[in-house]
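Note that the chains are named A, B, C, D and E in the order they appear, and that numbering of residues resets to 1 at the start of each chain.
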Amino acid sequence: MNTELMKERWRRNWYKFSRNPLSILGLAVVLAIILIAIFADFFAPYPEHAFVFVDFKNAKRPPCWQYLCGTDMAGRDILSRIFFGFRYSLVMAVSVLSVATPPGVLLGLVAGYMRDTWVDIAIMRVADVFLSVPSMVLALAVCSMLEPTLYNAMLAVTVMWWPWYTRLVYGAASSIKNEYFVQAAEVTGASTFHILFGEIFPNCLSTIFTKMTLDVGWVILIGSTLSFVGLGAQPPTPDLGTMVSDGSKYIPAQWWISLFPALFIVVIILGFNLLGDGVRDMLAGD
Amino acid sequence: MMSEMIVDIRDLYVNFNIYEGVTRVLNGVNFRVAKGEKVGLIGEAGCGKTTTVKSIMKILQMPPAEVMGGEIYLEGLDVLKMSQRDLQMMRRKTVSMIFQDPTAALNPVFKVGDQIGDIIKYNQLALGNKISKEEIHEKTVQVLKEVQMPDPERLMNSYPIQLSGGMRQRISIAMALVSATNLLIADEPGTNLDVTIQDQVLRLLGDLVEDRGTSIILISHALGAVKGLVDRVYVMYAGSMVEAANTEDLFSDPLHPYTKALFKAVPKLTGGGIPMGIPGRIPNYLSPPTGCRFNPRCSHAKPECRENAPPFYQVGDGHEVACYLYGGQ
Amino acid sequence: MSKEIVVVKDLKKWFDTDEGIVRAVDDISFTINEGETFGLVGESGSGKSTTAYTLMGIYTPTAGEISYKGMDISMGIKQRPLSLKKEMQMVFQDPGSSLNPKRSIEQIIELPLQVHGIAKDERRKRVIELLQMVELPEDYLDRQPTKIGGGEKQMVAIARALATNPTFVTLDEPTSALDVSMQAKIINKLIEFQETLDLSYLFITHNLSLMRNVATRVGIMYLGKLCEVAPTGTFFSKPLHPYTKMLLSSIPVITREEEAVKPDKVVSMGEIPSPVNVPSGCYFHPRCNECTERCKREDPPMVEVEPGHFVKCHTLSE
Amino acid sequence: QPAQEPEPAPVPSEPIVYRSTWAWPTRIDPAVGSDGSSTAAHPNLYNSLVRITPEGVVGPELAESWTTSNEGMTYTFTLRQGVMSHAGNEITAEDVVFSMDRLLGMGEGLAYLFLPYIDEVTAVDTYTVQFDLLKSFGPILTVMPNFFVLDKDVVMENIAEGEYGDLGDYGKEWLMTHDAGTGPYKVKEFLLEEKLVMEKYEDYWGETLDVEGFKFVENAPDIMEMIGTTEPITVRTMMSRMELERTDSWQPIENLEEMVQTEGVEMIGEVGTSLLNLMMHTNKAPTDDVHFRRAMVYAFDYETVVTDIFPHTTLVKGVVNEVLPGYTPDLEPFRRDLDKAMEELEQSVYYDQLDEIEIEIHWCAEVPAEERISLLFMDNMADLGISVKIVKEPWLSMIETMADPELSPNVVVVYNSVHFPEAGGDLMRYHSESAPTWEQNEWLLDETLDQMIEDALGTVDQAERFEKYGEIQEYIYDVCPTIYVLQTTTLRCVQDYVDYPYVEYGEQVSGFVYKVPLGFRTYYGLYTGVNQP
Amino acid sequence: MNIKKYVAYRLISSFFVLFGLSLLIFSLSRLVPGDPARLALGPMAPQWAVDKLRAQLHLDEPVYIQYIYWVTNVFRGDLGQSLVTRRGVFNDIFEFFPATFELVIFSVILSTSLAIILGVTSGKYANSLWDNIVRVTSYVGIAIPSFVWAIMSVFIFGYLLRWFPTLGRLSSGVVMPTKVTGLLLVDSLIAGRLGVFRDAFYHMILPGTSLVISRLAQEARITRASVVENLHKDYIMAARSFGIPERTITLKYLLKPSLIPTVAIMGMDIAGSMGGSFIVETIFNWPGLGRYGMSAMLSNDINAIVGVVMLIGVFFAFMNILVDLITAYLDPRIMMKLRGG
């Protein structure tokens, strides 16, 4: 494609995106989080505090210049742990979404295109089974039956997640399938593969992409909730949910131990939600 | 001067502020409707017909729309300067509009009887009458009968979606009729309908305004329909009026090159092959051509056409045309 | 007489919906001759598109036969041989939705060539050639359909349909979404192609005036049935079916000459019934002012009142 | 008109309510419940045959007297006459037989304490009941307080369909939410997962029969509420609002210290009999090497535990809790000594493979402070160049892991409680039978030791038995299978308007008084008075 | 399809979906390693007692046989025995469900009504100061996980400000009203005990708001978006062109169509609250299904897990049908679709 056109497209997208200052804020937050997560060793004031470290002499320090967010029960710097915690949150979100999305989308495409055939019925009923209880409940149930690790939590959330994409793409695909351009391709004799991926899929992309950016926040939320109840990441992993949960036992005396991780969970989710809305504005009607 | 004017638009300029910039859509519109007169407004899609009539009722969505200049007199009062209250009174009793798309103009989640009832209520309120529920009901039934709806009692209890396109269009007409006593604006009634049904609807509309002596502004792509109904026709192109004449005159002797081309582009029932159509496209409102906006498509374009927009020239009895070709006469 | 290219016999296409059976196309027969334009007219919901789709194989017929050059093609698109798809093409009603907004014009026009096994370098040449045919500039190749005008889009759709050198093209209201001047341009182009490329058209429209100027023969549909088929001239000069008369007399016209060719005013009345609850007997009887008791009971047969002029009405079969 | 339900009739004086929080679930069926809150409820609803008196010796309760015969293989109890259950039935030998049969037949809860020893229980006459043992078991009387007597008639009236043949479900379902006891309190309301409300049983036999030591004290609570929450913030809020008289024992020390700031709240430390241990797997590399284990034992920083992690607790001086009768004070307690540790490590066969070694330590997810023990352990081991992997595991899955020698990790952080209040009650966990349970992660599987334990437990004479306990302690000290972290002290906060009879104990550390609740049991109505402000 | 047929169709398809769910959750619960019987009886129980319990739970048989047992029992109203409470799961659920139901309904009513007020006012006056306040707050609201909010609200409103109780459904010492519906607010009114009503209401506030906070924000946003969208619809313009007063337009012609998306997601909201109740009930010690389910999950109480998940599935299916019907009532277009239009 013509570079000039590409540039124009980007300019337009950026315009649409940046019309809402909150989207820019979201983008900034997300970029900051990603940067901090990648270079946590660099940004964290005490990178060695992130995992296994004890310094009981400095335990339970309230926020001060030396420890901006205070220290926890074992004397670890909370801010450093939060920075490393971003890593786990992002890893969780990225791996869940990158594993759950492709099969979800594929099944949705196939079912949508083959609407009202047994393929559709089979796929969608299975998806319905997964959607028939609140995802949090199912995630909790699955997690509780597996060994509690970050990995298993991701697995459980992934298993919960694909049907949402299936349903989303199904809706889009089964209406796009009736568009004249799909019929035109059929009349020409294009293969089913081409119709699915060449004609229908590109038109679902913006919907999928929008949902994915918004979902990052939700995955992090579910992940931290699982950790909060002890079914997710395990100490000494610096996971935000686990930190809130462990710290909550020391509220109100050592309020900072759980307050700051909690605050940063809110910031992450807020950042991704704002970004997601911006992306939605950007892709809407394109 | 002619008989008293119910609508008198002078040099109206309206812009829309959109992402790409400012579209200068209405470009000095002059438009008049006398009391009791039936006026047609024709032109290609997107040339500003709906914008013109919406500004009469001051229901343009602002922003993005912005009135840049001009006056709009409705029964002698300037709509643009009217207070909110007067505006509402005016809408309740003087003028009403049939929207282009009846499906969009009817609230999908209320029964049609309910919607008509509210209009009756506020119309009567504006006229200073308090009206009871029973009376509203009665009046609703009556107006539905007038628009030839079968079984009005049942239809009152239907939602718009339960009605066919023709019925919805007739409901729209009924709604306009109950509140308008002086002026009715009909924006392409029947465009979305089948030929035979469209014929029924337009005939009905014609009969009703005839009976009441209401002024009407009829916008339609169906030139034949316009021809059959109205007394006078305005031809609009890219945001301004290019020609106005009595119906007979206009159809028998169109003057403006645009009008001529427009008429020629319509395939004829008599056969004779497909005409060539007007070359080019309607201008981009972001950077419209200077002077006469039709000049890039006009085979008679002269240098002066590119500089200044031509004024209306009187050509014969009530036949006006905005083209330098007729400037000398 | 010229050779028949498409023969449709007793074609039915019913849809089983939640509400009941929709008889979208109910027992219609017609033929299209080589090199001619067969016009199909009718009001919305009368089954024009369904006929076209069934012909193209997008729908499989409920009953009846379709043959193309003597070959039986009453099967779905998936079963049809690839070679057949090369010969039969279609242009859709809405240019906005018939081009995939996410693909470039080049990709769109290239698709049929790719499907039918044209080599890569040859494809590009052909795409440019096609663009020139429809008078679009070459730099449109990289454009997205969303960035060009409606008429141009339809031109691209036509180029795509012509890419494989078809012999038969179905045009489903190709200009109804466009304004008159664009319509004129496109129709003229289509007529030009028909002559130069020796195409046969099935041309669907609800615009009778347009049909008058394009079609060789016209079929008129009402509620899934054909009620009159005639050569264009005869059709307009001597309409026989009451519905045809009503339709013709409802057309708004602007010149006196046109007014003259319209039949005497037949006042239109009633609503078009839903294709789920079709009236008994002749489908048109509730709106017909010549309706008799018999019309309410019996569905009239199609009769040939004069060579090539078929009418489906009791008044004529007596 | 809604039927006006009368607000409960106001009693002349406000009832005295005593509220405490507990870790749930509470299973008030004495044949089912075995955890902290359950065993706290049982003695208040039911009675045992004997009890441990405030002086720490076995004393009468439902049984007035008892005799031993047949070389400790037969015990005969004479029941107190006229003891009426809450339902008004007299408790006889038949009820005792029924209760023991039920406990053993169901096999749940604390049945494990009796199953290996009790052969048969028979009613000799209405008030005499005879216990025949399978094998001689010296401390049997110290175990007996864990056996509660149920009113057979009440249970039989309430049996539902179940898997015990004629006995249906043995009344299990009903007894989950009701009692069939004789205790000073009876169940008033049982809200599953929420709270247990008990009310004072005015006709308690201690009162009616006028038995000294079994009468209500002045201002004994009328209502006892056991509330099922341990959420620190909630507990703290309730304490500060005086909506709670006593906290559970799961509160983090930080929270307790905060609560003490509130006026009228004081912290008490109930010296426990259990130990917090780091059990080392002696059958898994590298902890199968005694030198390696000793190195770890010497490297661990005990002082930090009591100063920074578990303040107010005391270090272990030997291999069992020093409060237990039968504890031997002769063993030199292990303390951190890096030189010694290095010395031992050098002798270890794993000394030159330290790089490849990674020790796994598991801690129980339900006890957050254990994480710090693990971290400390890891930190200490790093001083030796041993790398450690920390795994948090929920208690229930931990039980499973520890049942399998393959899955059992090198080190586990576990609280070990005693089966009966004697050194043997702790030592018996080193028996091979305990190896596949959570009680022993050491996997000692040592026949000599098994022999010694069995012998000691079978000894009826107390002095002789205690001597044998001493030998076992020395034996284990040499094998060094466990890092004994600390002796538990159960810390709670209480409102100071509650009177507890305590025995003060031990030295004073930073003005904090350690107390031992009398008789190792909390008999609320009998010991506790509340003067609601 | 008429409404009755539609409901029947939905019920039947829900039945099949629930059947699938039961297969899924049941097999998951049985295939996972670990011996639930051992877990139930504790580490010290003798092997024979464990074996007995295993046999009683049919744990020794192949999973499909176990499933058949389970299904046949379900039709007899028996969901098996909880390994934690040692009672029938059905009884437990029956006992715990009303508390959760009351909480969830309370929170859904609270969130929906507040969301509508906020959404409509901010949408109607889009880009005003008020609108911006509502939008920014709702963003923050959406991002607060319920567990964070629960802990913070206990700290702030329970501990620091002491406005609300933070534990259970009633203050200790308050005698429960006679159980009729199991909903304390209802039962206390039936019994005519206003004091209890007040107490129960007070107890519901913190858990209720924790459950609701993010959903409230989400719903307000959706309502706002749909108000803004409808604000420029032709029919609003048309109503204005007939001189209908602005107030009538807002409260009637604008409100009803704008509520449709809000109401349509209420099913999801109830679901969300159900999921959230697991955490919130645990924190607030609310004796409901969530807390029961949570403790079942943490202690691998397989029968209880399956029972709770299934019950939530049933409740969810039922609520969704109900919400769909309400939406159809609000929006005749959907009604027409149900009728096949």
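In this section, contacts are C-beta pairs under 8 Å (C-beta built on N, C-alpha and C of every residue); 3 or more make two chains touch, one makes a residue touch a chain.
Given the structure is predicted, the values throughout are model-derived calculations rather than measurements.
Asker: From chain B, what is the lowest number of touch steps before chain D is reached?
Answerer: The distance in steps between these two chains is 2.
Asker: Looking at chain pairs A-C and A-E, which one is connected by more C-beta pairs in contact?
Answerer: When A-E is set beside A-C, the one with more contacts is A-E.
Asker: Counting only Cα atoms for the centres, state how far chain A is from chain D in Å.
Answerer: Using C-alpha averages as centres, the distance is 45 Å.
Asker: What is the distance in Å between the mean C-alpha positions of chain D and chain E?
Answerer: Centre separation, chain D to chain E: 39 Å.
Asker: Counting only Cα atoms for the centres, state how far chain C is from chain E in Å.
Answerer: 54
Asker: Residues of chain B touching 2+ other chains?
Answerer: If we look for residues of chain B contacting two or more partner chains, we find none.
Asker: So which stretches of chain E touch two or more other chains?
Answerer: Residue numbers touching two or more other chains: 151, 154-155, 159, 298, 300, 341.
Asker: Give me the residue numbers in chain A that touch at least two other chains, ranges are fine.
Answerer: Residue numbers touching two or more other chains: 230, 248, 251-252.
Asker: For the complex, give me every residue of chain A touching chain D.
Answerer: Listed in rising order, the residues of chain A that touch chain D are 52-54, 56-57, 59-60, 73-74, 147-148, 230, 234-236, 246, 248-254.
Asker: Please output the residues of chain B touching chain E within their complex, sorted ascending.
Answerer: So the residues of chain B touching chain E come out as 54, 57, 59, 61, 88-93, 96-97, 99, 101, 104-110, 115, 118-119, 122-123, 126, 159, 161-162, 175, 179.
Asker: What residues of chain A sit close enough to touch chain E in their complex?
Answerer: Those residues of chain A that touch chain E are 22, 125-126, 128-130, 132-138, 140-146, 217, 221, 224-225, 228-231, 244-245, 248, 251-252, 255, 258-259, 262, 265-267, 269-270, 273-274.
Asker: Sort out for me which residues of chain E touch chain A in the complex.
Answerer: Residues of chain E touching chain A: 13-14, 16-18, 20-21, 23-25, 28-29, 32, 135-136, 139-140, 142-148, 151-152, 154-155, 159-160, 271-272, 274-276, 278-279, 282, 293-294, 297-298, 300, 305, 308-309, 312-313, 316-317.
Asker: Show which residues of chain B lie in contact with chain C when the two form their complex.
Answerer: 44-45, 164, 166-167, 194-200, 222-225, 227-228, 251, 261-263, 265-279, 281
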